[in-house]
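I've put the structures underneath this note.
Below are two complexes that have chain A in common, paired first with chain B and then with chain C.
Our next item is the complex of A and B:
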């Protein structure tokens, strides 16, 4: 079996020169399959994601739903979204694990102006390289699934990495490892498609005539796929887009606006330089300290 | 469980009723999905709420809380009237043909023998007709009007689909679909599994809820077979171990019973425990009771327990009444309890009517809490505003907190729902001053022993003579205790036919409970665990996943009580001729000379099927009981009784509403609410994200379910002007709580007896300690009434009112 790991980078944000490819394209494409028909919404995937990636979101409040935290955040890379759907007197509780879809044609990477802040490995994983992120948030605009979130602590963008660090040593993502009902599976994309078609047949056998695979072609297919009971109506699953595409604005930005914006950024750097020369360095005052404390908590994270 | 988690993968139909296994047992629930993938099995969920389990079910049937017996009684009627039972199984393996003696009857909601003043039955008439040899009379044609089959048929004829729909609120079409799917498993090669939990036990008719489904499973021939069974899904990782080891107030380990005060000596105690067979050629395994009992006494008191003193029978306490949870807090509330050692328990959250518990704890002189966490009980005296209003200055109770290790910080064994004793090894050192429960108990015992040795006292013998053979008396090891529980040889035993031949050698571990003796030559802490730590070593530590059966029996993975048997009553997986009902799911079979196969036979291996020994060897009649002889306190057949707080009169017999034999104290009868004041039915439950009142202390769980909520239907929300996310107040006749509203399609109004009944859902995890937002225990609201047999409180059905309110100031 070919290795699921990949050290080769297929695409790199804001970079026009070719990426290194010395390993001769040995990498296989990976995929995570989320079978909504087997999901019980237990949130073990959310817990495992927090554990493995060392993330701790705020302890929030209940806002009238099982969905907690209420939305994705820089500290919540995956989230069970709960939808109650009733048709012809039959109630369904559609529970979808939301998170990065790892598009074959990633809108985030396309939109990102910071060289090397977003990379796509040859195995298909789209990863944010935080140290290169400038926190502009363009990836959020570029994402047809509304996934990345900016951190209140360091201002950079974060999202699911498909546990690229685990995949690099041949392990499945933490969420797939933790899932008690095998609703989440991980392997090569062809293997996952085969498993998906088996699961679709199972759903059809149980009366879900429109069951199918969600691997939207508008973004070149994804490396996170769903098996849906109602594949004809993905929007039932808390707004999963029916035909996601990269916004035309992103291409506009790439073709025309980006050079202007980069020039503006350059000017900002220059302005900063002159500010330093003429006014002096910025200092951190008490207000800034308090604001930071609010964001990371008084004891930092030592208490966990 | 009669079967095991892994065996659920072999089922054709999983019925989750009285439980919510996807929510409460997500890891075990995967076996249901395995059965679906590999056997095209179906899943039915019957629940007041559309749960996480219902989210993946093939059929969901709503039901009013507390009406399961009506639903299942209707199913019994449906199976009998449509002739969808496994006849060969029923006539050979159950007591259907047995004749019930004259005098037994049932009229207007009451069985014969009821004494209203005592709220209890004289059960004498609930018995079989015996012949002059003391054997049960029987009619194999099942036609005698006094045979169990005919009495059962008559009893449940009242439970028509119309009547059941009227009582339960289950829509008639869904009811009949569910029943027809269930009825299909009466085929000998089809099996259905019943998966239940506290949704059945926490009712004033809890035991009878379970029994009704057991009757269904017997009629369908689904007991003892792979993929079948009555499967109690336990709520804590070791709650099975708790009951096995007799941690209930009337038990001693291995389901032996404590003597009553009317049993002053061993001979009197043994008299009703003889268990003579009631039918020819039956085993009646409890005839060995004395061997288990004497060996237990030897394990407890060593040489101090001997033939000369009835094996220290006098050392055992003799019960005047049953000291169950409800009774103890009632006594505490009356000021009759001075001290309380609270170990691994959080009664302020867990026991009914929090106000009563709180007052009771304040009347103690001292309270010792042994727990890894600072629980609400240990902090009952702290003032937390409306979440726990208390005036510490007025509470005199002295509270001691003894921090204990948690499961991951100690070696030992846990018994899971499958009856598997699985050894585990500690993963971390305990923090701070935490000590294991064993070390704390040992320290307590050694000090008490010193005091009794020095000061004497009225009866110091049971304390000073306690057998304490551990290498380090202040810290017995889990292995030492496990070996003692398994049992060992106290004195050599020789073959009576050949004195040269030694059968048992002094000091050696026992291989199995079959070696136990009633002459004091063996010691055994818990007979059903005998075989778990043998001369070959610790069987519980085995981790071999090989499975020659292909049925998930995994015989060398850990150890399953009794005798490493994976499926109880497995003799019933074969017909009377000894051939498996379903050869594809062979557990055991008669090989011509002995019983053999993949599982350990639940039967004497040499017993030829021709001898006609019944598969239910623990019963003196050898047959399973559709009619229970004098045993359960509230009737030989389950009958539908309303919850103590119910929105309707009992449609079957309006004069007898709730269970006439349930456990209820006089002072508590006064605080039951009426439907005119509290029009909505409430039920309590847990959610996956939190485990009871523990995991709210860990950050990740707190993030996933940070705040208390209450669930209600869209219809009720509209009526009351409540929107999702609003604060609501829920009141019962005992108290009130405030929480955030979750408005959902998953709760629907039910049509019950001509009325529209709304159900309010109360998940119960929050309190005033931990990392989640502060909340109220749902037991502020719950009624103080228990099941007639197990005394389990009725947390699953009671009355409340609900209205919109403002958030609490201190939330």
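Our next item is the complex of A and C:
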């Protein structure tokens, strides 16, 4: 699939050269907008995701919350995270649909060492190409949102694909189609931003003074956005990061270290080579051997 | 010509095993490090095989290195004469042997490689465990795993630089390589490059 769409690929993991799309394509960027205030926590999106992507997670146990399964997994690409939040004697149930944010600057793709295992399409979707995945788990360390998970069955990493197969033929993602309250919308990114700002105004009119759009600039913006009632405190929504960005530790590892290390290794070999051809090998001559024989004496010679 | 024993059969075996594993780890590890070197994973059966084998090779190397360490550590204790030798490393590299302070069984360069490699192997092993997602990945915090990735990459880089230096020194100083294959070096070699060690041997022989 990846190779057939090569003209639509904006970025490819572990690939030094630009992809064809840098010539400037006209593709429209898509986005999924999750309106947290409209979500009723019915999990139709989770069920639709399982159905379309043919995923069946293990049946777990009740952990005292409506959140089920307890965490994302290689077989649960989206998850309603339930948070109870109380302020000024008012209880709020904040239900956030968690999953891949499809960052414009994806940390997973930055960290991935397997050529073509992670691609970013021109429409903004970040997709894992399983046949190229080697299962190292570097994407997990690169992700600012802690989304990818390794499968215990085949050892490869998995996450939400934003239904890239559906988007490619003009369909909305399965979760958006199944949502009964229109809490999930899908369209072009400009359209989704417009819809989001309309909803933010509405929420502000209802007293949510800090309502806002979650489209974090630290990762270049995302192709999955939220409308939050408390956009000033995203961490209320079960730890949504306030200012997500690719960790400097990941940049050191996958950015700075690469050219410096390769250059110094190359220089070390060259230094050796030119030392050898200029100074010449350090040899032992007959005189050295004779001097040694004199020092050791006749007994040593006999023991030869 | 007189030959003297420099390395026993066990020393040659454990050094050879460690060297072999180090080279395999360097090749398989570089495949993860830079896209231009990703092709190296082909030597190990492809990316997934490379990902599976690399950590196991690391476990073997750690075990092998522990044995090497135990056998070699006594002769690699740093002495004040080693600091002197290191201060005149320019004379050594320029083949001005008259200016070179006499070295013991191992010179300061060899000792430096020994201790540096010990440090890198310890760091690589510890950080490698935190990066081994198939077994331990989720046992460590994300911050710890990211730091481990940096520590692993930087230690591996420095280990490779020391490896290059170590191998070059053995090629450049003629008559050295046989100490790790045949086990014996010529008496002239010992006298020229490890005068104090040679004097000890000579005094034993002439007694």
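Descriptive notes on the structure:
We adopt the following convention: the second predicted complex is superposed on the first by the 243 of 304 C-alpha atoms of A that agree within 3 Å, B and C clash if a C-alpha of one lies under 4 Å from a C-alpha of the other, contacts with A are read in each partner's own complex, and residues count from 1 in each chain.
Throughout what follows, contacts are C-beta pairs under 8 Å (C-beta built on N, C-alpha and C of every residue); 3 or more make two chains touch, one makes a residue touch a chain.
This one's a predicted model, so the numbers in the text were calculated from it and none came from an experiment.
In the superposition on chain A, A:65 contacts chain B only, with no contact to chain C. In the superposed model, A:84 makes contact with chain B only, not with chain C. By the touch criterion defined above, A:252 reaches chain C but does not reach chain B. Touch criterion not met for A:169: it reaches neither chain B nor chain C.
In the superposed model, A:268 lies in contact with chain C only, and not with chain B. When both complexes are overlaid on chain A, the residue A:38 reaches chain B alone and has no touch with chain C.
Taking chain A as the reference chain, the count of touched residues is higher for C when chain B and chain C are set side by side. Touch criterion not met for A:153: it reaches neither chain B nor chain C. By the touch criterion defined above, A:92 lies against chain B but remains apart from chain C after alignment on the C-alpha atoms of chain A. Contacts of chain A with chain B, set against its contacts with chain C after fitting on chain A, overlap at residues 304.
Of all the residues in chain A, the ones that touch chain C in their complex are 14-16, 113-115, 132, 134-138, 140-141, 146, 150, 155, 247, 249-250, 252-253, 257-258, 261-262, 264-265, 268-269, 272, 275-276, 279-285, 288-293, 295-297, 299-301, 303-304.
Within the complex formed with chain A, the chain B residues making contact are 22-23, 26-27, 29-30, 33, 36-37, 40, 50, 52-56, 58, 60, 687-689, 699-709, 723-726, 740-746, 771-773. Listed in rising order, the residues of chain C touching chain A in the complex are 1-3, 31-36, 38, 41, 46-48, 50-51, 93-95, 131, 133-134, 137, 142-143, 145-147, 149-150, 153-154, 157, 160-161, 164-165, 168, 171-175, 186-192, 198-199, 201-202, 205-206. For chain A in complex with chain B, the touching residues are 37-44, 46-47, 50-51, 56-66, 68-69, 84, 86, 91-93, 95, 180-182, 202, 205-206, 304.
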